[in-house]
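These notes concern the structure reproduced below.
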């Protein structure tokens, strides 16, 4: 997963991009990058790690101009190298071009084979480079036509930002799998246009969300303002529902729906679908921070107290020294400590957004029991995660997903929980759909149950894909 | 404020100290240090910043032995230099000695004048160095007698850990102002003894809290086990109540009282003392994370929904680049973003633990109102902070404390709030006292309303003090 | 200017490349890089700065395999960015390919226009990328044929190393402008082949120089040994004479000629061409270290004592803090201090290899006079530097070269010297030619006066060139 | 060994100290420190490593005032910790005091026992701390009297700089073992006074050497100018002759004698005492850089050509990666490469200043022979080094000094040299003495053969000493 941010028409464009990326930091901490333009040239800086550590005031000072795009990249299974950091910047016949990409191309292998056979060289391990090759090879005159021609040849999920000396172009794939939204802010006498993966990025810089970018829409932002085009054949919308479950920040809205409110709705529905025996000794606790809204919803519906039964440390970083002599639940304890005062002697319902491998959940259940809980009931505010994502979220392979090979009872037994309950797929989709319907999309469209991608839960993949050959993209391993 | 940790009888003593300090990181991020011993020599490492950044595996490998003490130091007004980092380690006639100190000596100026007149030299800006001089000058034979003799000459608040080649000695001042507790864990065939500022440090390493160290108690921990002595004249207990209000972690217990539960009790009492007109449009939100327990208590008593109306960023570090063109509420926004979905159109009660200067609270109130709140009622789970602390907590000078010169109405007006309400001093003390009475101290003592230091709220200082001459301790400014 | 090193068939190929680059460090300190291969994949690491600071043992451990190429890059006028560091590594239809390049292509602009028009994208500011595009686009089957086809389309100076999973290919341009030599060393039961810009790189790793690579020669090094091919049309040899004057290390040999000996010969001839009035008070001093051999030769011929009249500091690094209040000759003083004991009261002949802008020489002359010299005579062991190099050496533009617009008398006056004397072009060429003739090239060829490129002195450029359009290669300015 | 620098009355005192220390960097690279004063407080910064890496412009900006002292410290056998870096800065009854010390106290163990028994604590492993304790304990009123009283209790070698808010005091021990000199420079309307271990530090900042500080002299530098006192009983002068042999920079003068000239004199005398059979095939080469002046002198007297037969790399840093598969003479090769062109087929005389363990010399001899030398004759411009120094130079223990247990023939055999010849002790002393007599000390004193300490060669120690108890100063091992 990644996050993208773009701004056009602001005297401190790079600084604003830096702040926008900071607000999107949860979408990727592996690397960060910004490319700006002063209308004549492009200027870039990319760095491994977080935005704050990778961008000094000196670095930002090398990024002049009133327009910029930025990118944060999630840590991926493959090699973590600066050369894979984005935006990807190239020179080609028409000038310079920088690209920031959130998503994943499903036909990348075939594309690359075709392009390499023609003589193209690859300097990164990213599918974004193929998009750039296609744009450079297009015979069209205008950049927007080149981009449209290139993107008709690719399949998959993409929210893309392009920056040249003159324009900022934003494109969302026809199925609108990954989020992208448009905002604006006053700036001097004019208006500054901004685009971002999530609306929370607008809040930090004092911008206002105008709307979500529509499925298949291309926004051409220039000194002439924002122009909207729809260069692609229409496809059914397939919004990634996992953004609501886990990925997006709770203070963002997607298609008019508050992520926080939808998570509370998941919790309420979960309490109805997977109730726990009521009683004075019942307490509902979240796995912080992502489980908090669902736990509030669950507690509300179950009429049981909501408590912070796990205290999260603010000081956990990447690397940590583990003692040789093992400590029970060590890895989790560094981040979460059970709050014995609210757990001891209680029947505890612990709410989390999902279970991936199950190892962390198992440690949490044991920690809660060690802290004196009489019972531990695990409730998950989404269906079992059974299938990998091919559209841009980094999930483990199927074999690592505990729910792909274990029943709920088996999972409960593995976690050493008294019970485990998942939200149903229908409950999940209906919760989002009804809130979205109530919000009323600007386009007037009413989402159906088919408007979402939930392949990670259902295995129902909206776009076919070719699994990558082993190590295909990593022949040249480079730092 | 600082945190201390000690361990005796563990094969990975320095690693455990590292983890213990990590759990106490909230008590100080300016510097961290560990001194270990293998029974023959002492080995030390100190570094600026957090434990994780300052201690690499290589650093820890230079700290052999089965006993260690550690210290984390809070950022103070004075110069921030490595030489002020603790533990302070010296050689003297009897061998080597390391000291870690949480607290503040009120007669330090007089002590230092006396010692300098005798020919003592000072290499740090810390009052801890005077304690070491007094120990080195004592004519007693045994270290515990030297320490006792030294400490009878000092006044103030101290929780102290001493490490020599043979012993770990822990001392808590007779008024027990700063917390200190004793724990243990099994280790191989024997038992490992641990001491720490807060019990949460025991949780991380899998140790069990045995009890709080008693007022005026000295624990001598050696290969012979733990011996307890009371070398000082008895004084009335004066536990710092601000530890409960803000400083301690919610998953710690102090004198048997859960910090989390006491904060919820503050919230409930606050709802009773300073109610807000009920109604369906009322919502209670905390300033995260410290305001969460009180907000849960307040919401429970006020029968209003508890919501996360401010979303905290996990990625805020020390330095940040601020744009030249100002952004409304920028400094606060980096850390907290209003969650419009739960605020818009609501009457909002926002719960915080205290107001210091008022500038941050003012920004929060404005942000909440900008996000659509109809009313903003500020409720504070402690009395107005009017007086500086001379016993180890770094507070601004009186003139900077908004409550020292403004009435509650004036504060409300400054904050642009619809109302402001503080918990009463009596409500504060009674909340702690009744929970402590219920917990039942091991000593059987029943705390009275006089058992707490609340000078920062009341101005009632239990120990007289001499304000330091300007810059007295900082003549030698050194890196 | 840059340096290249390659090795094939050594169990510690990357470590050896690291040492080889260390020995070539004088050829470039801007960046360093190594790409290795284990026969299946390529592995790369590149870093800004020197080899020693950019390559940790951990970095080297990521470079497995028994073959490797490396590159050190000189600080250039244009942007100094990691993406311009070499070797350049790409994936293309046939696998992976890494390239290290010393030299400069004179038809790069035209090449790039042609390639971009075809749809090629550029991710670096280097002409090396065009070579890779041409190789990727070739329809030939074998890499060596692709390389030959690509290089017939380029013009200019190049010593190139290519590494694939299977082969190391070394190519020297038909005019042999930049140096490149072949060596070997025993390794276990087999033989390890090495190539390097200068023979001094072989000394450090205990290898033996076999011979210089011939003009237009391509060496294909694989598990089958070394095969030599000559795929290009023959051209007159044009060895860069500035390598002998300044660039190469004195302990290297080029075409059989010791750089140290040729510099001594320059000094002797200079003493004959530009004598200074003899006398007991005459002393000959070098500008260390590059001026030492010529000064020894001059002193020998002039029968005057050679002394170290300028002491060089070993501790000068990149950045240095300059006091606001100016110090006379500060910039030079940090590096060189006059040795008053051998200068005071003397007539001093100071020997340097060349004068570029004249500012440093002027400071040196003044420093020597301040130290008590009665006269200061500047003698330069090459002709006036009047023309920029287009074949790989980074020289200032013509307008910055003092000799391009000033007569020797004017230069002498600017330097405040008593006299200035340069070696004649004929003296320079004859000195090299006669030593080379004596050395006897393996090929039996006798060098003529036309066998050298001395364009920087004579303006006689052996290959036509198109000056780059302003900023042409820097449209995309990226970090 | 260490270097000290002091300055009084300069608007950029800390910057000048930084430059002065840079010029003294050869005297110590373990740590560097500066303490400045603005007349009211002292400000310090110390760092491990070299001056340039340890002092950023930001660091220097924290050191205001017009007076400063600085120190560079040599890497010692014991622990290398920041707390041992100097200047040592303390607060005591009279204010603040900083000390920079070059030398070693021979009665330090006894002093420390006495002071610890009195109650003194030690925070460093350095003997300098005892001096500060003695000053703090003195009952005298004036600092200069306190210092004099303290120093009458210490024995050994010391060149000391003290800085307080008001004065800079410089002291050289009565035997004048370590060098110290006084300089001055114009600054605005007044005069700036400077003191330094070597005169080369004055050259860099544009100051003029006034004179060497006299044996037992104390200089009190304040706003009133420089006052000279002689508070100690007179002792015979015992100038360290090893400064001339190796330690000092060749462009320094000590007691009026140019270090460069005295080294040339060593070389000439060595050629007379230890001649090598003359012949056309004889060449004299130095081990650069320290052997250069002696080699010039030797070649001159022997009428043989001086050549740079070993080329020194400018890029050798602290750590280097060594290949697992050993390379002949690897450690030396990184720094020195034989210049085959001047060695092959020759009888080579290689000149070095001293032989310590013999391991490096052995590698050099072998490298020279491998490069084709017919004979290798080692000539050393000082007598055999047989005894450790107790007065401030870090030498190995006796058992590690090859000459303490081997005859010259045995050393020659170990080095695999054709012959080895040392300068005689008489030759050494006479060379210095005659130049010093010629220079004519300001005091008019004529140095005798007894005016030098040559204990490292002769074992004739001018001051008795007590060897330190094992690990005595390192009980508290701290970072």
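The chains carry the letters A, B, C and D, assigned in the order they are written, with residues numbered from 1 in each.
We adopt the following convention: a contact is a pair of C-beta atoms (placed from the backbone, for glycine too) under 8 Å apart; a residue touches a chain by one contact, two chains touch by 3 or more.
The structure presented is a predicted model; accordingly, all values stated were derived computationally and were not measured.
Peer 1: Based on the averaged CA atom positions, which chain is farthest from chain D?
Peer 2: Comparing chain centres, A lies farthest from chain D.
Peer 1: Report the inter-centroid distance (CA atoms only) between chain B and chain D in whole Å.
Peer 2: 49
Peer 1: Using mean CA coordinates as chain centres, what's the chain C-chain D distance in Å?
Peer 2: 37
Peer 1: Mind pulling the residue numbers of chain A that touch at least two other chains?
Peer 2: There are none in chain A.
Peer 1: Provide the full list of chain pairs in touch.
Peer 2: A-B, A-C, B-D, C-D
Peer 1: Using the touch definition up top, name the residues of chain A that touch chain C in the complex.
Peer 2: Counting only chain A, the residues touching chain C are 35, 41-47, 59, 62, 82-83, 88-93, 95-96, 98, 116-117, 119-123, 132-133, 136-138, 471, 474-479.
Peer 1: State the interface residues of chain C toward chain D in the complex, per the touch definition above.
Peer 2: It is residues 11-12, 15-16, 18-19, 22-23, 25-26, 50-53, 55, 57, 60, 200, 203-206, 249-251, 253, 258, 260-261, 289, 292-293, 296, 300, 305-308, 311-315, 317, 319-321, 323-325, 327-328, 333-334, 337-342 of chain C that touch chain D.
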